[in-house]
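Next, two complexes with subunit A in common: one pairs it with subunit B, the other with subunit C.
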Partner chain A sequence: MKSTLYYKAKKVTVNALIHVLLISVAITCIFPLIWMISSSLKTQETIFSDTSLIPVKMHFENYVQAWKEGGFGRYFLNSIFYTVSVVIGIILVSSLAAYAFARFKFPGSNLLFFMFMAAMMIPIPGSFVPLYVLLTKLHLRNTAIGYILCMINVGLSTSIFLLKTFFDKMPRELEDAARIDGCSKLGIWWHVALPLAKPVLAVVVVFNALAVWNEYVLALIIFDSKGLMPLQVALMTFQGEFITRYPLLMAGLTITALPIIILYILMQKYIVKGVTQGALVE
Partner chain B sequence: MRKIYAFGLTLCATLVFFGCALQSKATDKPTITIWHWMTDREPAFTELARRYEAKTGIRVNFELYAPSDAYSQKVRAAAQGATLPDIFGILAEKRDFSSFIKAGHVLDLTPHMDADSGRWRNSLFAKALAVNEFNPGNKYGIEPGVYGVPIDVMAIQMLYNKGLFKKLGLDPEKPPLTFQEFVEIGKKIKAQNMQGMVSGWAEVWMIDCFANNYAFNIMGKDKVIDTIKGKIPYTDPDWVKVLGLFKEMQEAGLLATGVVTMVNKTAEQLFANGKAVFAFNGSWCVNVYKGMNPGLKYGVMMPPRASDKYPMVIWGGAGSSFMVNARSKNKEEAVRFLQWLTDKEQQAYLAETTNNLPANKESLSKVSEILNEFVRNMDNTTHPNVWGVSEFPAVIEAFDKGIQSIIIKEKTPEQIAAEVQKIKAREQAKKR
Partner chain C sequence: MKFKSTLENYLFVLPAVLIFSIFYIIPFLWVFQLGMYEWDGIMPTKTFVGLGNFKEIFFQDKIWWQSMFNAGYITFIALTFQNILAFLLALACDREIKLKNFYRLIFFIPPVLSEVVVGLVWQWILDGNYGLLNGWLVHLGFPQFAHNWLSDPQTALTTVAIVHSWKGFGWGFLIFLAGLQTIPRELYEAARVDGANAWQSFKKITIPLMIPVTVLVMILTILGTMQAFVLIIAMTGGGPAYHTEVPVLRILASMRGSSRFGYACAQGLSFGLILMVISFIQYKFSSRARKI
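The block that comes next holds the complex of A and B.
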């Protein structure tokens, strides 16, 4: 009897501790978002004096002003176009490359794979100047295609690593069955490998979409035309050299964060599956 | 399989279509392109560009790239790719500025400055121009001349809250003139449990600035320069005295809690909300405080002098400057535009709309009273960029971090002086 009580008490205590820990982590994750939304409804003056999370007077007009002043309409379309193009590009190239690395043995395949992995170690800012010079020489600077190609390149290493790890573990019998049914190598990749890799692809989509959606330094460097800039650049409108217009910046941030939050919610099921199925660990 | 090919083709077609559609459109109009990082001044620049086009028919395209560190990367990349615009700014030390000049990216503006008996040169604050000037025999090996145009000026001074002065029983129109008076106020601040001076001393360059003001006041410019040249050690009693001022301020209660880990944005917020009696900040703060608390009543003062031997000097000079691309096909038009931009009327407009100090001496009439208080001490400004010598970065770091240690009572001024001198000797030995 004592023993049952002991185990019950232990279970409740451990559960309580785990929940307290999880709730604390959740609060630390959610608090910045709530603070961002709260600040977006204040004025430039009250943001420094009214520290409460629920503002005394809510200024929803900040969202309209941020949208208009930041020119969000055009930038929003640009960001959507860049994100979709880059993510599709990364999925196509990385899945083909990862499948080849996992299934085909060719001279130098390991070396090539390690070269891709080594690229993960190079910080992006370190490659800005060479990229700029290269794009200028190829007449691709200040063009959407130039930016998209750069961003595809940036996302390839991690995506290839994730997908190769998955393809390595994929049962070969499935491919043999497809081959017996008359599938070509490309057909097996399309009809067998890709559908099975959905959870990993979801991780690749979300990670890369997030990276492209939030990127602005490379865009700022290679684009001269305002019409080509992505959404994040619009946010800089509110951040001055000495003065930051916090309410408009926070309203802008809320607007820009929304699509990526929606994407995450939509793909959450696959992401969890992708991570737990060993997408991130060998 | 057909599906795969169709998908691939559609994707390629979409990329090409949108890629081309999003490409910038070329225009036949003559256009001067200017790259800048000054988000706050963007609307004023746009308006001035509109006025210039209406006057001359030449289109001026101000392109904003912020924040400033991303802007700097863009300028460096563009310099390597030889795609710099007609006019741009260089956000760097004089050493980097000189490398841009050596690489042939920056036009020497001296002939334009000196034309018409120096009309352009004389219209600008000499101290502001000096930051963009290279003197004969400069250590960078640059042909003497003026290589940039200041569009505004700045000065870093002390500010005091008039309301809190009243609460302390002080005359709000009489800020302390001597260090002793300053210390006495510190005692009152401590007694009333108020916060003393706030500043962005976590960004160590502001400590360096404050300490240098007192170094010039206590030992004079020549001795400071001689120290940098290695002729005077940091263990000299005058340097120990400079370091000792920080200990004295801390003990008197003149420094706000946590000042050594305070970033300037926090310091501005505290002062704007009336939570600190003094602040040490640049003239840009006028606009910042106006945004944070338009009703704030404050005054500008020189750091109270610690010695009568030499005048008190503050850091100041050019705020932001523009350079003309020496390889630009529009360089003559670019120079003419900069002449127009720094003319009296345009400078007055910029000062009025952006609350920055104008670079043109004749545009001060439209400047607010508080900004005029900053201007009054422009003659007492200096800047490391105009000293002609520069200290080793490791020595500056040791000096500034040492001051932080003194404030937190970790080390004594004498200990810091000895440590800094040791690093100086090490750096000198490395150079040899």
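The block that comes next holds the complex of A and C.
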């Protein structure tokens, strides 16, 4: 008969192995980011020889230089502007539609809803080709509004799906009370339905903000002027022009990555919810 | 009154339908039309070539098929290495373990970063001359392994595939973990009372109950990885000599490089059709899985 000591030792060993696996993967996840920040604090002279993780002398002026001379200040504001505009647009447009699909019955409502859902299922790789043609014809290429409208469309289907699922399950009592008080349909949507939908709106906001901030290819084909470019395209352009200016490039990458990491840490709950709900519902 | 109410309902969906029609449906239909023309994207006249573009894709475009093969290879690495890692980590975090939430926080950092950021940071680490990886290899006494990871045709594709897996495993991890947590603990308790050891209950309870979730993760991995390309633009741009070229990168090159808009649309259509078949299989599988 094996002693309890044997089982205890076995359990400790197994747990230790599990922790080794988890910790080493966790380090692999964070290390490239630490190296990115570390490289952003070195100078053009030391970056190719200095392999220390924490540089002896930290050159924070790289950030000032990237922000001003590298133009990342401008690109950063562009990215903020696109992200905020698209997210607000998606919230308004998709919640109006989702509310109507959940609460009102009108001719063609099922067909329209099905159309949005079908778009989620059908992959069109290279959809940027006809979009380029369309925006050129509408004279919306190389304009902020053209990019914003395209990106609203990208997030529309999933957001309508998430919001309609929520509205379907939402109890109707409050809306009925508001209606008796003489509130219009639009008033009920704004004053009753939207405030109640806050938890799912948070999921919609986080996922769309991530998608817009990180978007690359549409911005690449839509914008010619540097003044309109968001960060992702600007980074690639910068890398192409100044291939060896690694400290500045790394500062630009940090400026791009940091807001997303902060947003993620603050809203982690909603991201986990979004991923698991979205995946397990389908 | 009734009419006014119906009109009001339409106004609710009008903005969504309008944006969707202009930016989704019209371009979607155009792809079918443009795919049958030779057009440079600027000239007012297009030349009708029928199925000529498709013939060229299927019988002459060797680089297209190499890009398909490359995407298939990256997908294979993602399906095996990436998903097995994700599953093991999810199993580890499903136990009553310290720092569970910390690990969950960390593992999803790579997926929230943009492909441009991930690609450029890894390109710097893997740089042949000044990269940190080679620096370490030399320092640790293995200078024979140090080389130009991303410009050597022998290693470029595998290196890209591994960075892709690094970026993507967090998705599978989260979904696997959510799946594991839906398995009732009583099942394991009952199995233990009946004398089953850990391996037996893993084989008889965990694996069968995780099949639907596994199928889902696999399909999402296939669809996501086959269409990935921004990471590759940032790391290699498709080189050296098309060794890391992937289909969407070819479509972009047909459009921007050789100004063949019709051909680009035809490539998108052929590729989309293949992905549709995979999507359809996903649908079949998941509806069957739901019945079980």
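Keep this in mind: the second predicted complex is superposed on the first by the 174 of 282 C-alpha atoms of A that agree within 3 Å, B and C clash if a C-alpha of one lies under 4 Å from a C-alpha of the other, contacts with A are read in each partner's own complex, and residues count from 1 in each chain.
By our rule, contacts are C-beta pairs under 8 Å (C-beta built on N, C-alpha and C of every residue); 3 or more make two chains touch, one makes a residue touch a chain.
Since the model is a prediction, treat every value here as computed from it, not as a measurement.
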- Message: In the overlaid three-chain picture, which partner chain does A:I221 touch, first (subunit B) or second (subunit C), both, or neither?
- Response: both
Which holds for A:F242: it touches subunit B only (first), subunit C only (second), both, or neither? first
(message) For A:A97, using the defined touch cut-off, is the partner it touches subunit B, subunit C, both, or neither? Pick first, second, both or neither.
(response) second
Inquiry  = Looking at A:L156 after the superposition, I want to know if it touches subunit B, subunit C, both of them or none. Which is it: first, second, both, neither?
reply    = second
Mind working out whether A:A177 is in touch with subunit B, subunit C, both or neither, as first, second, both or neither?
neither
Partner touching more residues of subunit A, subunit B vs subunit C, is chain C
With the two complexes superposed on chain A, say which partner A:N142 touches: subunit B (first), subunit C (second), both, or neither.
first
In the overlaid three-chain picture, which partner chain does A:Y132 touch, first (subunit B) or second (subunit C), both, or neither? both
Regarding the shared-chain residue A:F48, is it in contact with subunit B (first), subunit C (second), both, or neither?
both
Exercise. Looking at the overlay, does A:W35 come into contact with subunit B only (first), subunit C only (second), both, or neither?
Worked result: second
Overlap of subunit B and subunit C contacts on subunit A, residues 48, 92, 125, 128-129, 132-133, 216-217, 221, 236, 239
In their shared complex, subunit C is touched by residues of subunit A numbered 15, 18-19, 21-22, 25-26, 28-30, 32-33, 35-36, 39, 47-48, 51, 92-94, 96-97, 99-101, 104, 106-107, 109, 112, 115-116, 119, 121-134, 149-150, 152-153, 156-157, 160, 185, 189, 210, 213-214, 216-217, 221, 232, 235-236, 239, 246, 249-250, 253, 256-257, 260-261, 264-265, 268, 271-272, 275-276, 279-280, 282
Per the touch rule, the subunit A residues reaching subunit B in their complex are 44-45, 48-49, 78, 81, 85, 88-89, 92, 125, 128-129, 132-133, 136, 141-145, 148, 184, 186-187, 190, 216-217, 220-221, 224-228, 236-245
The residues of subunit B that touch subunit A in their complex are 1, 3-4, 8, 11, 14-16, 18-19, 22-24, 33, 37-40, 42, 63-68, 70-71, 73-74, 76-78, 80-81, 83, 85, 265, 269, 272-273, 284-285, 287-288, 291-294
In their shared complex, subunit A is touched by residues of subunit C numbered 6, 8-10, 12-13, 15-17, 19-20, 22-24, 26-28, 30-31, 34, 41, 85, 88-89, 92-93, 95, 97, 99, 102-110, 112-118, 120-122, 124-125, 129-130, 132, 135, 139, 166, 171, 174-175, 178-179, 182, 213, 216-217, 220, 223, 227, 229-230, 233-234, 247-248, 251-252, 255-256, 261, 264-265, 267-268, 271-272, 275-276, 279, 283, 286
